[in-house]
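In the two complexes below, chain A is the common chain; its partner is chain B in one and chain C in the other.
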Partner chain A sequence: MKRASWLIPTIYIIFLMLPIYWLVSMSFKTTNEILGAFTLWPQNFTLENYYVIFTDPSWYMGYVNSIIYVIINTVLSVAVALPAAYAFSRYRFLGDKHLFFWLLTNRMAPAAVFALPFFQLYSAVGIFDTHLAVALAHTLFNIPLAVWILEGFMSGVPKQLDETAYVDGYSFWRFFIRIFIPTIAAGIGVAAFFCFMFSWVELLLAKTLTAVAAKPIAAAMTKTASSSGYELGLLAAAGTLTIIPGAIVIYFVRNYIAKGFALGRV
Partner chain B sequence: MTLELKHVGKTLDGDVHIHPTDLVLEPGRFNILLGTTLAGKTTLMQLMAGLEKPTSGEIWFNGRNVTGERVQKRNVSMVYQQFINYPNMSVFENIASPLRVARMAEADIRKRVEEMAGLMKISAMLDRRPSELSGGQQQRTAMARALVKDSDLILLDEPLANLDFKLREELRDEMPRIIAERNCVVVYATTEPSEALLLGGHTAALYEGRVVDYGPTSEIYCQPADLTSAKVFSEPPINIAGVRKSGDQIVLNENVSWPASSALADGEYTIGIRPHHVSPVRTHESDVGITGTVHVAELSGSESMIHFDAYGDSWVSLSHGVHPFDTGEETTLFVDVSNCFYFDPAGRLVSSSDSAGVN
Partner chain C sequence: MNKTVNHKAWFFVLPVLALVAFNAIVPLMTVVNYSVQESFGNNVFFWSGLTWFEEMLRSPRFHASLGRQLTFTFTILAIEIPLGVIIALAMPKKGIWVSVCLVLMAMPLLIPWNVVGAMWNIFALPEIGLLGKTLNSMGFDYNYTRQPGDAWFTLILMDVWHWTSLVVLLSYAGLVSIPDAYYQAAKIDGASSWAIFRYIQLPKMKRVLTIAVLLRFMDSFNIYTEPSVLTGGGPGNSTTLLSLDLVKIALGQFDLGPAAAMSLIYFLVILLFSWIFYTLMTRNEEQ
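Up next, the complex of A and B:
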């Protein structure tokens, strides 16, 4: 028993890491090698794929576009969700519990359902193919989620903290910005993480609502797949680069993610 | 400098949280709100502070109507039962925060905070975060923050309830000294009658959102206005039984009776006897024996608490020394009927011997 205790974790880690390893290893191979033979690691190690991505605007602008709308979306979602979550956690008003629940209705249908109305609406008002278009579309899913997560974290802060601040002479906004936001910083980090991740991996709306100017990286990847035969090495490199921002964000909030999945109620 | 509640009431969603209350709170002494949890102590304090608006009545401070005034403008301090500090600030910044909001000069802030930290014995902790302190130190920080500004009204909402026994004793001893030097109205909420007696001052007994009794603490204890006040101001709970006075006898039942004082008119009464006037040993010649079944006997070393059932009522006896009893044991306990409150059927106090509460 004792001697085999390394076995299960090892199998588990191999199982977990295999697809990622394969992607990374492919990104350092030439397309010919990928198609030609079964190799466990790159035989002809090449950085050519990465070189193409970092020099060709049709590639790297995909990342820039994605990052722009993801950041707009995250900032917007958290900024709007903060006061909303505060209201839900601190005040009782007519229909508050129902409203809180029905916030989630937008998450009850697949994003595809909303693609057509968004496309039509944004074309009509003239923001089709802008970063803002994608960012706004994603807030439909992210604000409710952020409100739920933040409300959980905020309800964990005793109301007496607010009252103590008022007694000390703090105005509401001064208290909210100087004391309350730092107090729930972990919750804000987790909410921002979930918004970031959703917006970063969401493909359908991002692809539908953009054409050229704001084309996200995921859309760029699907198009290049069929241009001049298969460019699998290039795709693998693009995929590898797509994992990195998510990995960085996860690293910063890793200690709070479990609490985030429980909507702050652990 | 006085805080005056004029018919102040609070109703929320049709539930009465505070019945219309009249109170005049004076500076230079403890004004104690005594009551069980949910009696309305915290709500009453929030009304006094201006954190909640009364639904009826007016609040006057120093001859000025402050009823609708925001708490920020009122110059109030408050300490809660939970240790409430700003978790993102150091202890120093926590204590300094009301002064910073008031835009005091940096040098003055430093001087005041250090002085207050010295008084509260947390000088060595000023650079730490509140979460790195023990519970007692956290509460000292909260109290230092409440006392560092010259507030007109200091509200202490069960500040010692969550502390361990030793710290509680220590802070309770220090508190009157700290308060004494200030010219402000101090309100102190507690659930413990013994704490109210230790702190002295005036006590308002609260029961279900109603101030049932108000006056100097020892008077309230010795001469409770009614049965409810006596219940609030007794821990363990006061013993209650129905009696009838006829002629020169007070009759509990066919077996137990004792001579009546002439002041009482004939009729039905409710008697209240504090547990420490019921003892397993006869202490006075006039003591009356009641026979019952022991329910539980708790020995704490210096004291014995005996719960027993007699004639359909539950009784509690609290006596010095160790008196072991078995559950279910038949025994006779002795009631010091000279220390007995008599309440009329409406619950008003009609008679008590002078020493009813004191001994």
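Up next, the complex of A and C:
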């Protein structure tokens, strides 16, 4: 039993990799080969699809736009979540439990419900089709998550740390920035990772709130299926490229991914 | 941890409150507003009370998509949670393979949702997709664009592919937090591996598993992008889940009143279930 236990993760990982392999292999095929015959690997290996993406601004600007709003969102979410998480982990105050649950309810809000009102609200305040609009919209579900994760990490830091610092004559902000933030650096990393992840994968809101100037890559992909016929090779190449930023980020935080959830308290 | 009472802590929460309220309350009020009005175009609205809610709650179409939604959510929970636990139990605890497993398993989580849909759409095509071609050559009559049963099979397989890793990561986090001493004690007592699982590992994983159930419940109830790219709700209406139906009513037919009423009922259903999970969890923590 024990000796065969490596089999289960191996089979699972093969199952995970198969669709990804199919996408990557298709990105190196010509559209004719994809539609013409069933081939397990590219027969006429081509980089044409990638060449199109890297030379056409309507494609590569999609990546730039996505990365810009994801970064704005991550910085904003973590920055405002830090003091709030500190308050939840250290103090009791009027309505704290209700507020925490209310924050979590926003993590439950279906994007489909909010798409249209968001469009109207953001048009009304004049930030429609900007990176800021998407970044702000994504804070709806990322701030609750960041508060949740950071609160878990902060509760793991003994309160004596705060008290000792005050006795030593630190002001609150000096303590918070100089001592407290470095102490929970791992937690900030994990929170930032999850904000990055959920902002990177979300499409419905990002697509609704942008037209041209801030259009995300994921939305640019829907045009291949509609306007320029059925260019599967191009679609596959664009899809493959969207996997890469995520893979890089995972590699850097691999030791913290599991921990982040474990310490997050509901 | 014993916390001090300090009402000034509200100032720390204010930025979060302001941002989330801007995003949540204004759009929510817009939806509430639409749900109680009738419009004949030209931005002229009439008060219509609760008629939309009554209509929605009686409509067979809403019942059907709610039914499909519940079937989908509980099916994937029934598959992903046990499967995730089994994989987490079988994962190596130390060494280089831990990183390899974690990185590879986390990959589906970071692929944009429409890419996931598109990837499976191509992967499962009966003529040119690896899955579809393989199933057909094995003698199954498989075509997810025509047969509702196949569409459901593909949809559930896609979700298992996409999200089981989340359950694995969570369960694994729970498992590695168990001190070695527990296992040594169990060994001295001669406990079977089932007993170790039942009395040591499962209780330690309980908290993370509740988080997993809660997250999977909320996200699968809100699922929109993946099925919309994979099947578009078809064939017919067989895979039209709640949010797909909602978008069809709101943006396809532009029936804002019914769509808004449906949104609110939909949100209340999620809220109700999550509140039940939440209270069950906090009750366990107090014990």
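In this text, the second predicted complex is superposed on the first by the 252 of 266 C-alpha atoms of A that agree within 3 Å, B and C clash if a C-alpha of one lies under 4 Å from a C-alpha of the other, contacts with A are read in each partner's own complex, and residues count from 1 in each chain.
Convention: contacts are C-beta pairs under 8 Å (C-beta built on N, C-alpha and C of every residue); 3 or more make two chains touch, one makes a residue touch a chain.
What you see is a predicted model; the values in this text were computed from it and never measured.
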With both structures lined up on chain A, is it a clash or a fit for chain B and chain C?
fit
Under the stated touch criterion, which partner chain does A:166 make contact with: chain B (first), chain C (second), both, or neither?
first
First, second, both or neither for A:47, with chain B first and chain C second:
neither
Put down the vertex angle at chain A formed with chain B and chain C, C-alpha centres only, nearest 10°.
90
Which of the two, chain B or chain C, is in touch with more residues of chain A?
C
Check the residue A:211 against both partner chains and state whether it touches chain B (first), chain C (second), both, or neither.
neither
Looking at A:179, would you say it contacts chain B, chain C, both, or neither? Reply first, second, both or neither.
first
Pick one for A:75: touches chain B only (first), chain C only (second), both, or neither.
neither
Smallest Cα to Cα distance in angstrom from chain B to chain C after superposition equals 8
Considering the complex alone, what residue numbers of chain A touch chain C?
1, 5-9, 12-13, 15-20, 22-23, 26, 34-35, 38, 40, 76, 80-81, 83-84, 86-94, 96, 99, 101, 103-118, 120-121, 136-137, 139-140, 143-144, 147, 155, 159, 197, 200-204, 217-218, 221-222, 225, 232, 235-236, 239, 242-243, 245-247, 249-251, 254-255, 257-262, 264, 266
The answer for chain A against chain B in the complex is residues 158, 160-161, 163-171, 174, 179, 182-183, 185
Contact residues on chain B for chain A in the complex?
46, 49, 51, 70-72, 76-78, 80, 82, 84, 86-89, 97-98, 101-102, 142, 145
What residues on chain C touch chain A, complex-wise?
1, 3-10, 12-13, 15-17, 19-20, 22-24, 26-28, 30-31, 86-87, 89-92, 99, 101-115, 118-120, 122-123, 127-131, 133, 161, 164-165, 168-170, 172-174, 176-177, 193, 207-208, 210-211, 214, 218, 221-222, 224-225, 242-243, 246-247, 250-251, 256, 263, 266-267, 270-271, 274-275, 278, 281-282
